[in-house]
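What follows is a group of structures, each given as structure tokens.
Paired with subunit B in one complex and with subunit C in the other, subunit A is shared by the two complexes that follow.
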Partner chain A sequence: MNTLRVAALYLKVGVLNELQYRVNFFLNVLQALIQVATGLIVISLVYSHTPRLNGWTEPELLSLLGVQILLGGVIHTFVQPNMERLMEDVQKGTLDYALTKPEDSQVLVSVRNVRIWQLVEVISGLTLLGVGISRLQTSVGVLDALAFLVAILLGAVMLYSFWLVVTTGAFWVVRMEHVLELFEGVYQTGRWPVGVYPGWMRYGVTFLVPVGFAVTVPAQAATSRLHGGTFALAAGFAVLLFAFTRWFWRFGLRRYSGASA
Partner chain B sequence: MPDSSSAVRVAGLSKVFRVPEREAGLLAAAKSLVRRRTRDVCAVDAISFEIGAGEVVGFLGPNGAGKTTTLKMLSGLLYPSSGDATVLGHRPSQREREFLRQITLVMGNRNQLQWDLPALDSFELNRAIYRIPRNDFRPVRDELVELLDVGDLVRKPVRNLSLGERMKVEIVGALLHRPRVLFLDEPTIGLDVTMQRRIRTFLAEYNQRYGATVLLTSHYMADVEALCKRVIVIHHGRILFDGQLAALADRFAAYKTIEAVVGDGERISLRVPRNETSQATARLLADHEVHDLTVEDPPIEDVIELVFARESAE
Partner chain C sequence: MSAVPLQQENRVRAFAEFYLATARAAIAVQFQYRTANYFYMLGMVAEPVIYLVVWSSVARSSGGAVNGITAGEFAAYYIVWTLVRNMNVVFGAPFWEWRIREGELSGQLLRPLHPLHHDVAYFGGWKVVNIVLWLPIAAALTAIFHPTVHPSALQIGVFCVAIWGAYLVRTMFQSNVGMLNFWTTRGAAAFDLYMATELLLSGRLVPLKLMPGWVQTLANFLPFKWTFYFPIESLVGDLSTRDLLVGLGAQALWVLIGLALLRFTWRAAIKRFSAVGG
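Moving on, here comes the complex of A and B:
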């Protein structure tokens, strides 16, 4: 329970920190507008040639894009700043202070930073999702909405786990700034349903970098296309990945030697 | 609270780092991509010592002697390669909460407070992390703020503080949970003399008041002389000396300095071998008219230098 309180307090402090940099808000709004606009243009281009893409109609794909931007926003707000800080700390050997605190070290390194202005992305994602759903032929039920919420949560857990596993790798290789760009690149694959990709790549973006799972499943839920089996698989995978992450983090900590200075 | 049993116990503690090694140049760099050559560096080599509860011990040694590595092993940041360390009955490397709650680590060259915010906000974070009840927290915080004469500095963003001010505020943050063992790694580095003295006085006072055990490293001998009765001298990962600061000179300084005012106020200074001090003094008194006479050990800096010089010569 105390761990939650610590996390909440860090969030508050992070917000206080961010409020000093208001220019970022406008930059993020601009960035979000560009992101949404390019997304919309590409989708309308695709659907000017075909009514369905791998079984997905235009409003459905719009919802998918909404989920992808929303989830990306969550990651950019809460996960990425912490992981960047962690990488930096490992490199400079400044992780020490986080490790001498009587609190779960994984929690501490995961809540120290927050970029609230990135929440603009969450809003634009939600807007797109709203527009997509409103254009659907079918109506979305309570059960779908519930499944959607859980699926988004699972997606966030998967992406967080993926990030932490990769970042923990810094304990071994120390320098890994390019991971960021790598992730951004792969994350863009989430704009399209997993099904459109050829077999090997589908597995890659599902299990290796769980972008496909994280984005497609919530979108399926929101558009009433989700199968129970897929849902269970996603849940199982998220739990498994999280457990592995926890183990791997502790394993990495044992490796940590800190830059002695 | 201070009991007679030892707060820190270290037996045969070692830390070996495996560091990559290669020649300079592009070719060597390419080769090392395929096959990394490594070399084992023994940063701490089977050291043993005990520190009693409430003791203040100075940990001396040149850069790279193994001081920081030892402190990091004692605070649970590094796993020892071999040997045993016990702090307050806990094994640091297991990083149990009960252990972490009772220690603190202050590194003079790093800061842990939120850079862009007033220190008060960081103090609140520590309050939550250490689960300090609000009613207990205030008096402790206010007392520390007063002892260190920090005043309103805690309300300014940390980035706007001077180095010395920041260090004082850092120390307040590090002691809010009333740790029983303090590991201080060069807490006065880079500070001006007044600020150093201020922090020194505070540490002595804190130790007196709460009987906290302090293990301190510093390159400033004034810190050590003011705070530590006992010193541990470490070099190349091995302990060269462990005992009273006063005994250090007896053991390592080969000479003493005799200062005298003779005849018509002429001041003379003689450096004589330690075992000939009494004869030299007697001769001086017999042969000259002496107004004033002092026999002194060389300054502690010189003694330490002698210790390391002797070690390198062997």
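Moving on, here comes the complex of A and C:
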């Protein structure tokens, strides 16, 4: 309970800190608009040459893009800034300041920074999702909406776990600054249904880098295409991945010897 | 020592020596960071592979080809894309932001040469490392995606020049955008706009043949397509000898236009500069 209170307090301070920089809000709105426009152009380009992509119609793919941007916004707001800070701390040796605190170290390194203005992406993603769903033939039920919410949450947990596992690698590799580009590159695979990828790549983006699960499953839920089995698999995988991440973080910590803070 | 102005001949030699020495230093340094360079290059592979997979899927569902481009030709396009993309990494606008913010520029202004010379020479040397590291990536992608490509000797020759042309064109225009950093510390939105325009009009997203006619016409009047579409097509497309040579000419023209523009923007920008740290 105390851990949760500390985490909430950290987040609050982070938000207050960010709220000072108001111009960043407009900057993020502009960037989000560019991102959405580019995404829409790409989709309309693809569908000007084909009516269906791997069984997905245009409104369905629009919803997928919405989910990808939404989830990307969550990651950019809460996860990425913390992971960047963690990498920097390992390089500079300043991680010791976090480790010597009495609270759970994994919680602490995960809540120290927050880029609140990036939430603009969540809004633009939701808008796209709304437009996509409104153009669908079928209607979305309460159960679908509920499944969607849970699936988004699971997706965020999976992507957070993936990020933390990779960042924990900094205990061994130290120089990790290009990982950010690697993640952004791979995250773009989530804009398209996992089905379009050839066999080995599909497994890669589903299990190795869980973008497929994280993005496609909520999009399927929102467009009433989700099977119960897929949902259960995603939930099981999220729990497993989170447990592994926790173990791996502790394993990495034992390996970490600090670097003259 | 007296400050006698260098003779024209000595000036040229001094420039050549500066470029060679800087490029050699870049090669030596970047070869040491092989692993970091590889991470970076692998991250860049995701983007073309996504495009390739999507368009191959579209090609398959519409009877083997989109606008006459087959899956094998898409593979060829996007595999060559990976090299061209690497050639297109230049000392761009975000680097200018860093250079000004961290006070790096102050020291560089004291040198007798314009910082652009250093940028072109250093990144030029780095390219040599990129090209060597790219070969295994190209081999792997070729084994996976089976590209269709039959270049002639002339095409290969033009390609080898065109990738360096693309490098110079992009250097000039990115540097011009980089000058924005002298006026604002929040150039990010402007860079994003520039990158989105480039994505759509350069052939980075799709071969321009797939774009609507008016987009192709628009692209003809802008520098972007000479940095992606032209170098890629010079190797994998079926451009005539005339088109190939005109393309190289267009690249040269855009480098000159970019340089002229930069002379103007740099003068305006440097007046605004007040040193930071150093």
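Some points to look at:
Everything below uses one rule, namely that the second predicted complex is superposed on the first by the 260 of 261 C-alpha atoms of A that agree within 3 Å, B and C clash if a C-alpha of one lies under 4 Å from a C-alpha of the other, contacts with A are read in each partner's own complex, and residues count from 1 in each chain.
FYI, contacts are C-beta pairs under 8 Å (C-beta built on N, C-alpha and C of every residue); 3 or more make two chains touch, one makes a residue touch a chain.
On a predicted model such as this, the values are computed, not experimentally measured, just so you know.
With the C-alpha superposition on subunit A as described, subunit C and subunit B fit side by side in the combined arrangement. When the two structures are aligned on the shared chain, A:178 is found in touch with subunit C, with no touch to subunit B. By the touch criterion stated above, A:2 is placed in contact with subunit B alone, subunit C being left untouched. More residues of subunit A are touched by C (comparison of subunit B with subunit C).
For the superposed model, the angle subtended at the Cα centre of subunit A by subunit B and subunit C works out to 90 degrees in steps of 10.
Contacts of A:99 after superposition on the shared chain: subunit B is touched, whereas subunit C is not.
In the superposition on chain A, A:186 makes contact with subunit C only, while subunit B stays out of contact range. After overlaying the two complexes on the shared chain, residue contacts for A:38 are found with subunit C alone; subunit B is out of touch. Applying the stated contact rule after C-alpha superposition, one finds that A:138 touches neither subunit B nor subunit C. The gap separating subunit B from subunit C at its narrowest, counted between C-alpha atoms of the superposed chains, is 6 angstrom. No residue of subunit A touches both subunit B in one complex and subunit C in the other. Those residues of subunit C that touch subunit A in the complex are listed here as 36, 39-40, 42-47, 49-50, 53-54, 57-58, 61-62, 66-67, 186, 188-189, 192-193, 196, 199-200, 205-206, 210-212. Residue ranges on subunit A touching subunit B, taken from their complex, read 2, 5-6, 9-10, 13, 16-17, 20, 94, 96-97, 99-103, 105, 108, 254, 256-258, 260-261. On the side of subunit A, the complex with subunit C involves touching residues 23-24, 27, 30-31, 34-35, 37-38, 41-42, 45-46, 48-50, 52-54, 175, 177-179, 181-182, 184-186, 188-189, 191-192, 196-198, 201.
Within the complex formed with subunit A, the subunit B residues making contact are 17, 43, 68-69, 72, 75-79, 95, 97-101, 103-105, 107, 109-110, 112, 114, 116-117, 121-122, 124-125, 128-131.
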